[in-house]
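Here come two complexes built around subunit A, the first alongside subunit B, the second alongside subunit C.
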Partner chain A sequence: MNYFQLFDLPASFELDLTELGSRYLALQRKFHPDNYAAASNRDRLMSVQQTANINDAYHSLKQPLLRAEHLLALRGLKISHEQRSFTDPVFLMQQMELREQLEEISSSDNPDDAIMAVEQQLQQQRKVLLKQLAAALEANTAEQNQQAAELVRKLKFFFKLQHELELIEQQIQD
Partner chain B sequence: MALLQIAEPGQSAAPHHHKLAAGIDLGTTNSLVAAVRSGQAGTLSNAAGVDMIPSVVRYGPERTDVGQAAVTAAAADASNTIFSIKRLMGKGYAETQPLAELLPYQLVDQGGLAAVATREGVKNPVEVSAEILATLADTASQVLGGELNGVVITVPAYFDDAQRQATKDAAKLAGLNVLRLLNEPTAAALAYGLDSGQEGVIAVYDLGGGTFDISILRLKRGVFEVLATGGDSALGGDDFDQLIVGWLQQQTGQQKLSHTGRRQYLTVARKLKEQLTDNESADYGFTADEQAHSGSLTRAEFDKLCSALVKKTIRSCRQVLRDADLTPDEVAKVVMVGGSTRVPLVRQLVGEFFATEPLTSIDPDKVVALGAAIQANVLVGNKAEHETLLLDVIPLSLGLETMGGLTEKVIPRNTVIPVARAQEFTTFKDGQTAMAIHVLQGERELVEDCRSLARFELRGIPPMPAGGAHIKVTFQVDADGLLSVSAEEKSTGVAAGIQVKPSYGLTDDQVAAMISGSMQHARQDMQQRLLREQQVEADRVLEAVGAALTQDGVLLEPDELAEIKSALTTLAQVRQQEDTAAIKAAIEHTNTLTDDFAARRMDKSIRQALQGHKVDEV
Partner chain C sequence: MAYSNKVIDHYENPRNVGSFAKDDPSIATGMVGAPACGDVMKLQIKVNEQGIIEDAKFKTYGCGSAIASSSLVTEWVKGKSLDEAQQIKNTDIAHELALPPVKIHCSILAEDAIKAAIADYKQKRGG
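Up next, the complex of A and B:
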């Protein structure tokens, strides 16, 4: 299913989230089962299925990474659920360094500062990669799409690190 | 599409035909019914002039009494007087056993479900609740002057599939048309939101007698969106009473109390609590177990007593905000629900945490029923231009068991419903033709800490190398929170489907324990998870290298082969122990030893591929 089509939005990475949000709510308002509280079972079921689709589409377009994945899937590049390892030594080194920093947080003298420092780095890196991703998806050539897929794979690692950082932060706070 | 041609509420109703609808707050202790009349929501009183009735049913020798009449007879006929039935809704018999000792009526096993033995025969919670619902609906019909077209019934945010289903069944049994089941905190927000037309993020802080719920909602252009819910189902106003009882006992030195004495202390404690709502200090004077006591409790002392409890609720607030990805200052309004929110310290600490004065203008005991009435009026079609849209979420994550006893979340809690979500899994062994699917509910990492919802098996997977088959498992949750699961092997389309209809639900305690457990045990969970991950990884390495040796062992020199085999033996031994680091090291050692071997196998594969390619070119 083409989620952009569902919301009648251009299939582009640059997306007006406010517009997406209001279209989402408009569709929900139309199809939500509450509107069919007095309708037949079949119509209620259809309303449930339709709203489930709308929720899924919104979920997938709202987040940049999922949106990029969906866009690439529409262009014939399926990268979700794939098993693939990286060959870029610079990226791998960087990941290892960040991972070491994460591990050192709990034993550091000032964990809060350490968390802030890693968080800033992650944000910085994400920003750079997202910018590159936007440009690659905008170009929309076979080569650039491959590049975009690679950037998505890398970004996934950064989001994973972010998640782990949040877990560490929670543990320290508790 | 046919869907578009269906008349929507507001359009379907003839403009001048007002339909009768009511909102029902079916509570553990008390129940209320409310309706919108002349554009104003209000509670409805019965012939005795009472709007709030005890949620009690007595199966008497001549007739069945509901409410105050049942309570009056309770002392003389305890075994036929049913209260707190809400705690038994959608529960299995076995899991209600801890309650059995506390209840003066007899619990029996009705096909695995909890039920009550009365002089009128075995009554299940659905039947008992139906009596209460029918009584409330009667009141509404009499006041409104006609049969009800539909009702909205409120349920706790934590109610699971079985409990929601049981509530719906009770309404059906009472002959009521359920327009929707509504989460209690959401109903409260509706009561305030529609009246004031506020926009922004709203927190609903609901501290009842025995439970605490916190919900975060977003209000925007008439849309109520539930962003997250959380809380503690074993924390409430009763705990405040117990703390005061404890304090009183310290003052009086009377540690051992008879049953009656204990009840006297409790009555005094409640009175003190109520007086301290408006006064800086409250006096007491009473006699219990033939000892007379008098003194006073100050607000400051009371605050000190309950500060730990209130702070616990604030921690839940912080957690639920985190789930909603918000900070306290982003919350524009805080709605207070439940009698216990009259405690000044609660108002003060909640106000401080959210940095805003909590809303208390609507009676916290009635606000839920009023919100339900407003929603019922909308859904039945009385508002021509209704703008209200309520987006609900699932209260607990749904997931599947994966290798090593771990839970893989498929739909995280607080996802907007209805929702359909698919997850792909691969086979673990070469030639694997069947896969067991275990559906779970809960927040914890390990399967044993989550609630098992259902198990089923997918058969007939075509034999493929490990990881070759792709199994797509789809979860669908409808607007009422009911789940169905299906599974399919992608390349062949082999399918298996089940309807998940749990015969029982999670106990409130289990739900609360699961969520709070996932925080308190986060560290231990993570360590166990890491261990299991390493064990799974070890199994994968053992399997893969084993298969490679069988296939391409000839590529190795005898001494290399011996070295790898010895590494595998070590790995297999270490894997059985609980030392994550040692397993990791053994895996790394094996990986290092087999690097060259892997490279050689790779070369061999490339050569084979190139050979085929060259043949083509010739």
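Up next, the complex of A and C:
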């Protein structure tokens, strides 16, 4: 299913999220099962199915990485369930170092400053990778789509780091 | 999720955690990662002149199964030749640790880490 089509939006990584949000609400209202209370069984089922599709589609398009994955899948490059190991040693070494920095936060003299420092690094790196991802997806050549897939993989590591950082932040606050 | 006893044992008492000095010519490093869960695994082997793996160390950031898989392979590779270590299959690791299907990728990661370390060693030695 083409999620962009469902919302009648152009299949592009750059997406107006406000527009997506209002189209989502409009479609949800239109297919809400309450509207089909008096309808035939078949139509009621259809409305339930459509509501589920609309929710899945919104969830996928709202988040940049899922949106990029969906866009790549539409272009014939399915990466969302791949189990292949990632092997770029330079990138992985950097990930290792960032993980070590995270580990050291709780024992540092000023955990808040340490969190801030890592947070800034992560933000900066994400920004650069997202920008490259947008450009690669925009170019939409076979080579650039492969490049986009590689960037999605890298960004997943950074989103994971962000999640880990938030867990540490919570622990320190508790 | 319920971990098997062997996973818990390796997770609570990981074997061979740490790093070797990178500039030692007898040390080779394999780095792998799993984008889906963000796990990162580093496996280092110390290879003697006869091509036997004398020692191994690992550092893994990931779930219990990923840590257990890498801990287990550091035990397995010790005393093996590079060719023998190359034969270690993820299915053996998954079987030994009784990994559930959703954690099979952790054993794949560990197999790939050995292969990456061996490749690094061969490259260091000029192919």
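Rule of thumb we're sticking to: the second predicted complex is superposed on the first by the 168 of 174 C-alpha atoms of A that agree within 3 Å, B and C clash if a C-alpha of one lies under 4 Å from a C-alpha of the other, contacts with A are read in each partner's own complex, and residues count from 1 in each chain.
Going forward, a residue touches a chain if its C-beta (ideal position, glycine included) is under 8 Å from a C-beta of that chain, and two chains touch if they have at least 3 such contacts.
As the structure is a prediction and not an experimental result, all values here were calculated from the model.
K.L.:
Overlaying the two complexes on subunit A, which is it for subunit B and subunit C: clash or fit?
P.N.:
They clash: once the shared chain is superposed, the two partners overlap in space.
K.L.:
Going by the contact rule set out at the top, does A:Thr51 touch subunit B (first), subunit C (second), both, or neither?
P.N.:
first
K.L.:
Scan A:Met1 for contacts with subunit B and subunit C and give back first, second, both or neither.
P.N.:
A:Met1 sits against neither subunit B nor subunit C.
K.L.:
One more residue to check, A:Phe157. First (subunit B), second (subunit C), both or neither?
P.N.:
After superposing on A, A:Phe157 lies in contact with subunit C but is clear of subunit B.
K.L.:
Quick one: classify A:Ile172 as touching subunit B (first), subunit C (second), both or neither.
P.N.:
So A:Ile172 meets neither subunit B nor subunit C here.
K.L.:
Could you look at A:Met96 and tell me whether it touches subunit B, subunit C, both or neither (first, second, both, neither)?
P.N.:
Touch status of A:Met96: second partner only.
K.L.:
With the two structures laid over each other on chain A, which partner does A:Phe86 touch: subunit B (first), subunit C (second), both, or neither?
P.N.:
Second partner only, subunit C.
K.L.:
Is the number of subunit A residues in contact higher for subunit B or for subunit C?
P.N.:
Here the partner covering more residues of subunit A is B.
K.L.:
Counting contacts the way the document defines them, which residues of subunit A are shared by the two interfaces, the one with subunit B and the one with subunit C?
P.N.:
Comparing the two interfaces on subunit A, one with subunit B and one with subunit C, the shared residues are 81, 83.
K.L.:
Could you please specify the touching residues of subunit B with respect to subunit A in the complex?
P.N.:
1-3, 6, 8-9, 12, 150, 179-180, 220-221, 223, 379-381, 389-391, 415-421, 424, 467, 470, 476-479, 519-520, 522-523, 526
K.L.:
Given the complex with subunit B, which residues does subunit A contribute to the contact?
P.N.:
Listed in rising order, the residues are 25, 28-29, 31-39, 43, 46-53, 55-56, 59, 81, 83, 167, 170-171, 174.
K.L.:
Report the residues of subunit A in contact with subunit C in the complex, numbered from low to high.
P.N.:
Checking each residue of subunit A against subunit C gives 81-83, 85-87, 89, 91-93, 95-96, 99, 152-154, 156-157, 159-161, 163-164.
K.L.:
Hey, which residues of subunit C end up touching subunit A in the complex?
P.N.:
Residues in contact with subunit A: 29, 31-38, 40, 42, 59, 61, 104-105, 108-109, 112-113, 116.
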